[in-house]
Structure formats: structure tokens, C-alpha cells
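Two complexes are shown next, each including chain A; its partner changes from chain B in the first to chain C in the second.
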Partner chain A sequence: MQALLRPFAIKSSGDLARFGVILALVGLILFGALRYDNFLSPFNILSFLRYNSMFALIALGMAFVIITGGIDLSVGGTAAMASVVAALLSPYHWAAGLFGGMAAGFAVGALNGFIITRMRIQPFIGTLATMLAAYGTGLLLANNQSVSVSYDTGFTVIGQDDFLGFPIPAWIGLAAYVLGWLVLEKLPVGRHILAIGDGEATAGLMGLKVERTLAAVYLASGTLAGLAGVILASQFGAGQPTEGVGWELFAIASVVVGGTLLTGGSGSVGATLAGALLLAMVFNILNFENGLGWISLSAYWQSVIRGAFLLVVVVLQAKLMARHRAI
Partner chain B sequence: MATIETPAPQPSGTLSSGSRLFSLASRYGTFVAFLALVAFNIAVTPNFLSWQTLNVNLTQVATIVIVATGMTLVIATGGIDLSVGSLMAISGALAPMIFMGQFWQVESMAFAVALAFLLPVIVASLFGLFNGLLVTRFSIQPIIATLVLFIAGRGIAQVMTNGNLQVFKNEGFQFIAMGRIAGIPAQVMLMIVIVILASAMIRYTVIGRQIIAVGGNEKAARLTGIPVKRVKLLVYMISGALAGLAGLIVVARNSASDANLVGLGMELDAIAAVAVGGTLLTGGRANIVGTLLGAFVIQLVRYTLLANGVPDAAALIVKAGLIVLAVFIQQRADKH
Partner chain C sequence: MLLSMQGVSKAFAGVAALKAASLEVEPAEVMALVGQNGAGKSTLIKILTGVYRRDAGDITFDGRPVDFTMPAEAQGAGIATIYQEINLAPQRSVAENIYLSRELRRFGLIDHAAMRRGAEAVLKTFNLAIDVDRPVAHFDAATRQMVAIARAVTQNARLVIMDEPTSSLDEREVAVLFETIRTLKRTGVAVIFIGHRLDELYAICDRVTIMRDGQTVAKSPMAEMPKMALVRHMLGKELAAFQAMASDRDVPDRPVRLAVENAGAGVRVRDVSLTVREGEISGLAGLLGSGRTETARLIFGADRMQRGVIRMDGRERAYREPADAIADGIGLVSEDRKIDGIVPDMSIRENMTLALLPKLKKAGIVNRVRQDEIVTRYIRALGVKCASPDQPIKELSGGNQQKVLLARWLATDPRVLIIDEPTRGIDIGAKSEILKLLRNLADEGLSVLMISSELEELLAAADRVTVLSDGTSVATLPRKDLSEAALLSAMAHQVE
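Up next, the complex of A and B:
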């Protein structure tokens, strides 16, 4: 019995929180499956994954940033700008749209890295500024309106089509998460990222290249946000310079619900995915519940419920932390 | 300028000219930038020196300053309040519901209007108390604690109004945005009074000093017997109440309340004003007049660009550069 349970061995309060979010996700899926007829229908699952891959990508980048003890508020603005860049480049070639959008995200990430590691400005305020700059650039490029993508070069395939019966955005998300897991759990740089989150000064004294690693993390977050912007443009057929408002905070919520503490130094890629899916599923369940006709909750309830969810999670986390400290 | 900080050790010896430049720039930079902007506009922007220009700018900046004053106090304790925009939406949704009789029959309009001023602000300050409790009781980081209401708060306002626009016309209530006191727009008067009260509180009262002490070194503050938790609860309540007040001004100005839009993005505007105004996000400082100037500078930059034909989007980029530059100068000056 002991041996069987070993994979689930809970060594810290963080593990418990991460275990909890996966349990909660399984619970919510079971609840949905038992209560609603079409909850596990291919259509619902596929459209759920297609739409939410964007948010999962952003949450992944945010998880890495938060593990280093930082924060990236620019991701929503970056996604909006990247969607515009991708839409503008999509008439030339689908790859121009894809890589152009990612490059836009990369550029914002590079700027963040510079501001944070070279100018030593706190991530919160530095990325707040680049968020404004990204929105401004996107609006300028788009001339203050949404930009249609080209339907002739196959650019829309990225966001709308399936591959092996699975939405392409979901494949992209899956690949990014596998890569992210490898980086954090299996590569030396993952250890470095965790060490930096535990204490930058100590990590520096151990000889780790703190600035370079930090810059790489913000680059990754920016590029993932850029990729999310590409999917946004491709899926909805337009680059949208005013989209993405508040995405950064939902991404932070996903990461926190996934058991990653904002203080840095610990975190999990898998639990972040569970956190993102959990918050997204609240909306999905709400739609189904309305469909049953017993209640009629407007879409506005979703943010109330998401907020309540976040509240429960952070209060539980805080209690766990307190108990852990007491032991 | 009313900068009050925890006493820092005076650097011995002479400063190099470079660091002196940074410390000068940090102390007077915002003010100089403000003066430079005014001078530039007088020279370049047509009709800048008119009452109308002054009015437009002051009324636009008033709500940001009011919210940013509360934000300065929260940041001074080492915290942050992301929920202010959502609390504005809640109070902005509540007020018209009260005087339009959605909760109970309005018998005396004067009484209903008084309640429409009072209740939303009280509700917003209670939400602020909720933020404070999360921060103090559960030791949840302020950014996450206030994220809860950032997400849920706007939802609450939308659920209350079902997402509908509430249009109204009520002279008594709208005095707060349309009226004038001694020729000065009421909201600008409110802004001035709030800034004066907050600066006086920081400068002359015990609680003001306690706020600074908590942000400067929380542990030391606790050991010297400062009621750290109570101080924090208070600043989050003040921030909530001021956000509630700002929400009232916004809906009164628009003659309409739209829960989807009231206060949207205000948390970031307020934080930007605080940062440009010279209050470091790490706490231990509260420069209320600096925040006022910071908000003025951001507003004036935007106005200058717009009045000279630069698109609003480009103004966003300039604002971003301004924030980075201001914080950079602050930090360089701080190191010396």
C-alpha cells in the first residue's frame, strides 16, 4: 500500500496544494459528466480545448516567471499586439503570420528582460509599462481597429483546424507544456530557475547566471503570449488590438490555483495546466447548468465564481502554509 | 514636496556628481517634468492657457488622483490594491439603484441621494476591509488577495445590474461631478481636500507615521508596538472607500452607469501615478503630493500629445517610457 501511494507522496504544503487542484479538476469533470448529457461529447471537449489553449499558453509562461519570484503583466497586451502583427503578415504566408506574431512576443519579452535585469526595475512595474507599450504599438499598427486575417494562405488553419482529430491549438498547447515540463523538471536550467526564485543573491553566489536565466524566462513568457496572439488572430479571423485586457490576471490566478506560490522558488507545470483548465471549466459548467433550465445565471456570474474559487484556493493555501510552518 | 520616509543613514563624504544628479532628479524630477510640460504647452499648444483646458485636464485627472491617493497609502505599507477598478464599478452600480428606487421606494429624494453618496462608499470600504483581512489574517500576498476582488468585483457589479446600462438624470447626485464649489468643479475640490487630508495624515498624525513604519520594516514596527494588522486594515479600507467615491464621480459625470466599463484599468493608472510620483513600490514611503504630480504629468503628457495631433496609441507608448524612466531614476537615486 505504501509503495502504491509513493507517487502521490506529499512532501510539502505546495505538493498538497498541487495535488488538491488536480483532485478538484477531476472532481469537476466527474460532476459535469454525471450531470450533463453532452459534457463529455467530442464537440464540447474539442471546442473547450480549442478556445482555452491560448490561456493555457499564457499561464505556462506566467508560471515560469512566477517561479523566479517575478510577475509578467504584459502578456495580455503582448497577445493583442501579436495578433495584430500576425494578421498583418498573414497575407504573405501562413508562416509569416505565425513567426511574425511570435517574434512580436519575443520582442516584448526581450524588452522586459532588459528592463528587469539591466535597469533593475521591479517586474511588476516594468511589465506594467511594457503592457501599455504593447497595447499602444498594437493599436498603432492596427490603426485602432481589428485587422482581418487572410483566408488564402492557410493562416486560419492554425486556430481553426484539427490534426489527428484534435484541435491544432491544443496540440500547440500540449507541446508547449511537455517542453515546459522537460525544462523545469529534467534540465539543469529548471533547477536554476527554481534556485533563483528561492533567492537571487544565493543563486548568484552559487555561480548561476541569474540575469541571463531571468531574461530567458521573460523571453519565453513573451513568446508564448505572442503564440497565444497568433492563435487568437487565426481562430477568430482578425487581429484584435483591444483584446487581452485582464488576461494577465487570469493567468496569474491559474498559476496560483495550480499551487505555485507567488513568492517563487517552487511550482509545477502540470498543476498550472490543471489550474488553467479548472478556471476555464467553471465557465463551461455554467453554460451547461444554464442549459438545464433550472437556473439562469448570466455569464457575469462566471467572474464572481472564478473570484470565489480563487478565494477558496488562496485561503486554503494560506492555512496549509501556516500549519506547515507550525509543524 | 511632502516626502516622508523612514530615516535613512546619511551618506558620508561627498556624492559623485552623477549620483547627485540622480538624487536631484528623483527629488524634483516629477515637479520639473510637470513645469516643463506646462511651459512646452504654453509655447506650442494653441489655447493652452484657458479655463477650459484647465477644467478638462483637472476633471479628467481628479478620479485618478483620488484612487491613487488610497493606492499610495496601501503601497506605503508594502502592499498593493488591484481591486480599485472593480470597487468603482460596484459603487457606481449601487448609487443609481438607490436613488432610482430599485431597492426600496424612494420617498424623499434628498434622503435617497444622501444614501446614494453614503452607502456605496461604505460598501466599497467594507470590500476594502475584506482585502485587508485576507492580507492580515491569512497572510495572503496583497497582489493575490486583491486579485480576488479584481476578478469577482466587476462580476458582482454586472450581476447587480444584469450588465445593463443605467441611465439617469439627477441633479442632486450629479452635483459631485457637475457642480461647482466657489467656481471650482466639485470633483476637483474633492480631489484637493483628499490630497490635503492624506498628506496631513502622513505628515502629522501617529497613524500616518505608523503606515510608513509598517512599510519600512514590518517586523521592527511590530516589535515597537505598532498595531501592524490594524494599520493595514485601515489603509485597505481607505483605498476601498476612495475607489468607491471615484466610482460615484465617474457615473455622475457620465449620467450613466455601465458596470462593464466604470473603473476599467484604473488600478494600473493609479499605480502608474504612484510610481511616477516617486513612491517606490517596496513600501516605507508615501509621497502623496508626488502622486498628485505623477497623475498630472501622465495626464499632461497625454493631453500634450493629443492636442498636437499624436494618436492616443502613441501616447500609451510614451506613458510606458515615462513610467520606466521615473522608476529608474528613483532607484538610482535610492542606491546612493
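Up next, the complex of A and C:
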């Protein structure tokens, strides 16, 4: 019995924050289900998953980066650039679009890893630079406009079709999260990533390969952003060089709401997913609220409300953790 | 022989840190490695563990010549290091920390259950029953240390290096640590024990290696090395003797300005009493780790005093933070200029008037004329050698940096100046200049509390010396009783 309950045991303040976000998500779902007729309708659930998978993918990569104590600001720009690359390659073969877009993300991730581990540039600065470069490259490749994808090679299937009744982007997201969970919880490298976030110097002295691990994490983050870009292009039928602005902040917010500490060394894949879904669901609920017809909130107000919601969650987490520490 | 290091040399930027140092350790023995700050102990250890590369010398471990290029290699060969700041990932669990980098696996995946069982089993051999799923940060320093040792044991370490392992432990925890070390010995593991508290060294170590100025100056079984001899080897003698600036000065019984009575806080400062009179230099001596700097921090309000009383001019004072002490006329020039003192990229002018800025401001704007006045006056008075007041302080020599720091505090017009290791990292010529300066300031009425680990310095400049040992003031020697022998014997004195 004790062994069964062990995964749920709260051993650290980080566990508490992660427990909190899952509770909040359940609460929000219950609220939506009780208040709006079509909230749990298949159409709403499926389109919610289809659209938000992109953000969940980026949040997953960001979670790993933040666990190491770093930050990756380039993911939005990378996704935008990857969507253009994918759209440009889609006429040749659907796989060319898919893997081309991912390769674009892989390249940015590799560059980030090189800049951070070899040139010893702060992640904030290094990825800020690659973010600007990625946006610029995307705009250059696209001639400053959106690039239509090919509808003949089946490239749009990736973003628009279903498999076993669920959107393909949701399957991709699910696979990525299962893989991410395996890596973080079940493979030694996951423990190393956490230990590096706890203190790079210490981790090095304990015999871990710090540089190689860090580079791999940025590589993964870039590749996931590339994949998100592919889904973006496929779903909306065009490579969008001007999309992706602010995605990195949304990802950071998801990770933080998911109880991952910005200082590194602590975090969970499952709670990151919950965090990403939670923030997305605030939008979804606001749309339903508008649909009720009593109030009408513009997109700007929605953004304000989401910001306020984020603040409330973070403050609550801080309070919970302070109390846990006091015990 | 398990480990033999011979003729090991290392220089940093042309400055020799190790000059043909040597160290030998037999299996299942506890070797004490002692020496002053900067004697080369940690450089020697870092060369052994692959953190630094040596310039010359031979190292054999377990009969084979070795040359580790990174810590992981030394660990793989069976040398584990437990650093002073205890190198563990604080947010990871005890079990994970013990197995980090060598995780137990089943079908390629981490076997958390096996790691949990293994961690519990190895900790049990040290009589430690704790929840190994909890983060390491959750436990006290002694337990964390035990976890680090357990990690070493599971790595099949043949040699465990402990860098000041008792520095943050209380007496009960030290006893537990020693029991752990004895357990290690029984299993044939050798230990290098770097420490400063003499009674601890004599309690646990079999042999001792003493280092000074980058060289190994003595090796001996612990039992054949009297405490006095050990201290003498450690401190050595600096040939350039200073002029005895205070010699035969008749110190009249002037009023006591600062009195500290039975001060204590935590385990580093147990029971310290000392006095500084008006216009005198009062020395504070003791071996490394005896609580000198910590005492200064208590007086200055940087750490909270838990026991005892501080009196300024006879009135009882309680400083809650340094600002209170400063307002009361106390200044502190700290030991490590690089960390606590100078702002390297700022100019001499700015560094000198940093503590004074609030007084120089009018409506938020710095009065440049008064600032210049003060800066010019102190540059001249203290003889700071610089191109201009706007030169970045990092371009100055150590002695001149120290003068700028002194000026910073003098400009606040203090009545008591605490100065920690005033001549550290300063060349000989500048040393006596700084001491002369302190002497002049004292003659003008300033009370100086000078912390120093250099006997010559204390002998030359101090009017009285209070000796600390293990956080306790064990002797106060007036000028007429000051001698090298008297200081050494007081320092070697151990509180029972």
C-alpha cells in the first residue's frame, strides 16, 4: 500500500506546487463542465487539443531547459521559422516538410547548445540572439509573407486529421510527453538534468557530463519548437513567419504554473502538461463565457485575465511552499 | 602504499602555489593534512582529484602512476572527495545523490526501488536510518556529510578526502563523523583529513603531513608530533621581521573603548572576551577556524550574537545589523578584499567614498567638491600610489587597494576599526607600511582590533593580543608578555 502511494507522497515543496496545479486543472474542468453546455462536447475537446498541442510541445522543451536552470527564449522564433521551412518543403513530400521543419528547430537548438556550453554565454542572452536570428531567417525565407503549404502531398494531414478519433497533433504531443516523462523520471540522464539544475559545479564534481547534457537539452527544446512549427504550418495551411511571437513566454508561464522552479533543479513533466493545459483552458473558458452572451471580452481583456490568473497561481504556490518549509 | 605524490609543483599565472610538495597515504590510515591558508593543501588535493593539472611531479595510486584530467576519472579510480560545502544536489533525494552518475538500472530504466534499498543498506552501516526519498536539503549538515560518505562507499572508494569535515558540525555530530571514519578504516579505506582543530586531529588521525608555502615541511605519526611543534611547523617564520613599532612603548591604562564579554553564537564562537582601549592596537590571534573572523562579524552586527555583551565606552550595545555598528563608530575592513571589500571596476574615488555617500549627498546628488576633498586628503595621508583618483581600483597593487579600503572607513571617522588580516596578499614592503599606518592612527586615538595569523605582525604592532582557540578566548597577553613562544603555546592550548 505504502509502495503504491509513494508516487503521490509529497516530499518536497516542489511536489506541493505540482500537486496544486493538477488540483487547479481539475477544478477548472469541473467549473467549465457545470457552467457551459458544450464544454465537454467532443468538438470542443478535440479542437482544444488540436490547437494547444503546439504550445504543449514547446512547454515540454522549456521545462527541461528551465530544470537545468536555463531559459530558451528562441522557441517562438524557431517555431515561426520552422513553419516557413516546412511550408517551403511540403510540395516535395509530406515527410520533407515534417523533417525539414524539425531539422530547422534542431539547428537552432544545436546553435543554442554551442553558444551556451562552449562560448559560455548566458542562456538568456544567447537564446535572445538566436530568437532574433530565427525570426529574421523565417521572414527572409518567406519574403515577409505567409507561405502556403502544398495540399497535394498530404502534409496537412499532420495538423488537421485525426487518428483513432483523436487529432494527430494531440497524439504527437502525447508521445512527446510520455517520452519526456521517461527521460526525466526513468533514465539516468533525467536525474543528471535535475542535478545540473541544482548546481552545475557540484554536478561536475560528482562526475556528470555537464556540457554534453546541457547541449542535449537545448537541442531537444529547439527540435520540439521545430515540430510545433510544422504543426502550425500544417494546421493553418501556411508557414507563418510572424506567428510565434510571445510563445516562449506562454511556455515559460506553463512551466512555472506547473511547479517547476525557475532557479532549476526541480520540475515534473506531468505538471508541465497540466500547466500548459490550465493556461490554455482559461482562454477556452473565456470564449465560452463570451458565448453566454452576458459579457463580451476582447482578446486584449482575455490576455489581461490570463495574466492575472497566472499571478494568482504563482502567488498561491509561493505561499504553499513557504508554509511547507515552515513545517 | 596506497597513494604517493612526489615532487608535485604547480604555478598559477607564474605564481608558485606548490613547490615539490609530497604526500603519502597507507591503506586504512587517517592522514591529517594541515597548513595555513594558502599553504597549498587544496591545490594539492585538486591536483590529485583531477580538478587541476600539475606542472611537475609523480603520483601513484594503488601502485599505478595516475594522471587524472577530470574529477570523474579520479572517482572512477577510487578517490572520493567530500568538500567542505558538501557536494550534493540539494533538491535530489538521498538515494539519488548516493547513486548519481552510476544509477542502478533494470531493463535500461532507473530502478528506484533498488536504489532506495541500496541507500538504506549503506546508510545502515553508519547507523543512520532516514527517509532516503527526501531531498538532501531537508537534512542537517552532519547527515548530508554522511550521505556524501555513503556515496563514496558505494563508489568503492579506496581513499576518501575530507576537506574540513567538522567545520559546520556540533560536538555530537563530530562524534558521529569520527565513528563513520573508524568504520571506513575497518573496511580498509584510507582517509585524508584536512582540518585545523588540533584536538580533533589528535583524536582521529594516525599520521600528519604539514604544509607551508606550497611545500611539505613535516611528516610524522600523530602521536610523535607535539602540539607546539605542529603549530610551529604550520606557522613557520617569516624572515623579514618588522621593526618592532610598539616595542617598549609604555601603554598607560587608558579607558576601555570596546569590551566584548563572553560573546557567543552557534559553534564557531563559543565564549570570547576581549577589550580594545583608546588609542591601542589590540591583536586577535588564533589558528584557522578558531573563530577570529566570526568574532569580528559578531561585534560588527553582521551575525546575530546569541550570548554575551558588547560595551562601547562602557555602555551596553546590541547591534542588529552593520549599519548600527557603523553609526556607533565601528568600521570593519574584511579579510577578503575581492569578495567583501572593493568594487573592482569602480574608481578609487568611488571605492573610497562608498560608505560615505549618504553623508555626501544633498537632495540625492553627490557633493563632488567635498568628495574630491576627502579623496585627495586620504590619497595623500595614506600614500596611495595611483595615477589619478579616477583610476579603476583593480589596477592598483594589493597594498594600495588595502589603503583605499582603510581610507573608506577612516573617512567615516570611526572610533573603533576592526581590520581582518590587514596584510594578506601584500608584499613585504607594503606590509610594514600598512602596519605603520595603523600605528599612527592608533597614536591619534583610534582603537584598532587587528586580526592576524602572522605572528611577526602581531609581535610588531599589537599592544595586547587576545588568543582564540576553538571559538574561545584562551589568553590575553599584554605587550610585556608578548613573545613567539607565548603566542604559540596559547594557540596550541586546547579547551578541555
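A few remarks follow.
Going forward, the second predicted complex is superposed on the first by the 312 of 327 C-alpha atoms of A that agree within 3 Å, B and C clash if a C-alpha of one lies under 4 Å from a C-alpha of the other, contacts with A are read in each partner's own complex, and residues count from 1 in each chain.
Keep in mind that, in the parts below, a residue touches a chain if its C-beta (ideal position, glycine included) is under 8 Å from a C-beta of that chain, and two chains touch if they have at least 3 such contacts.
These numbers come from a predicted model, not from an experiment.
Once the two complexes are overlaid on the shared chain, A:I121 sits against chain B while remaining clear of chain C. Legend: residue contacts after superposition of the two complexes on their common chain; A:L208 is shown touching chain C, with no touch to chain B.
When both complexes are overlaid on chain A, the residue A:I29 reaches neither chain B nor chain C.
Within the superposed three-chain model, A:L174 lies out of touch with both chain B and chain C [touch as defined at top]. Within the superposed three-chain model, A:S266 lies in touch with chain C and out of touch with chain B [touch as defined at top].
In the superposition on chain A, A:D198 makes contact with chain C only, while chain B stays out of contact range. Using the contact criterion defined above for the overlaid structures, shared-chain residue A:L187 touches chain C, although it does not reach chain B.
Contacts of A:A103 after superposition on the shared chain: neither chain B nor chain C is touched.
Counting the residues of chain A touched by each of chain B and chain C gives the higher count for B. Once the two complexes are overlaid on the shared chain, A:A322 sits against chain B while remaining clear of chain C.
Against chain B, the residues of chain A that register as touching in their complex are 71, 115, 119-122, 124-126, 128-133, 135-140, 144, 245, 249-250, 252-253, 256, 262-263, 298, 300-308, 310-311, 314-315, 317-319, 321-322. Across the interface of their complex, chain A is touched by residues 80, 82, 134, 138-141, 143-145, 147-156, 158-159, 162-163, 264-265, 268, 271-272, 275, 281-282, 311-317, 319-321, 323-324, 327-328, 331 of chain B. In the complex of the two chains, the chain C residues touching chain A come out as 51, 71-72, 75-76, 81, 83, 87-93, 96, 100-101, 103, 105, 108-110, 113, 131, 133-135, 138. Those residues of chain A lying in contact with chain C across their complex are 3, 6, 9, 11-12, 14, 182, 185-188, 190-192, 194-195, 198-199, 202-209, 265-266.
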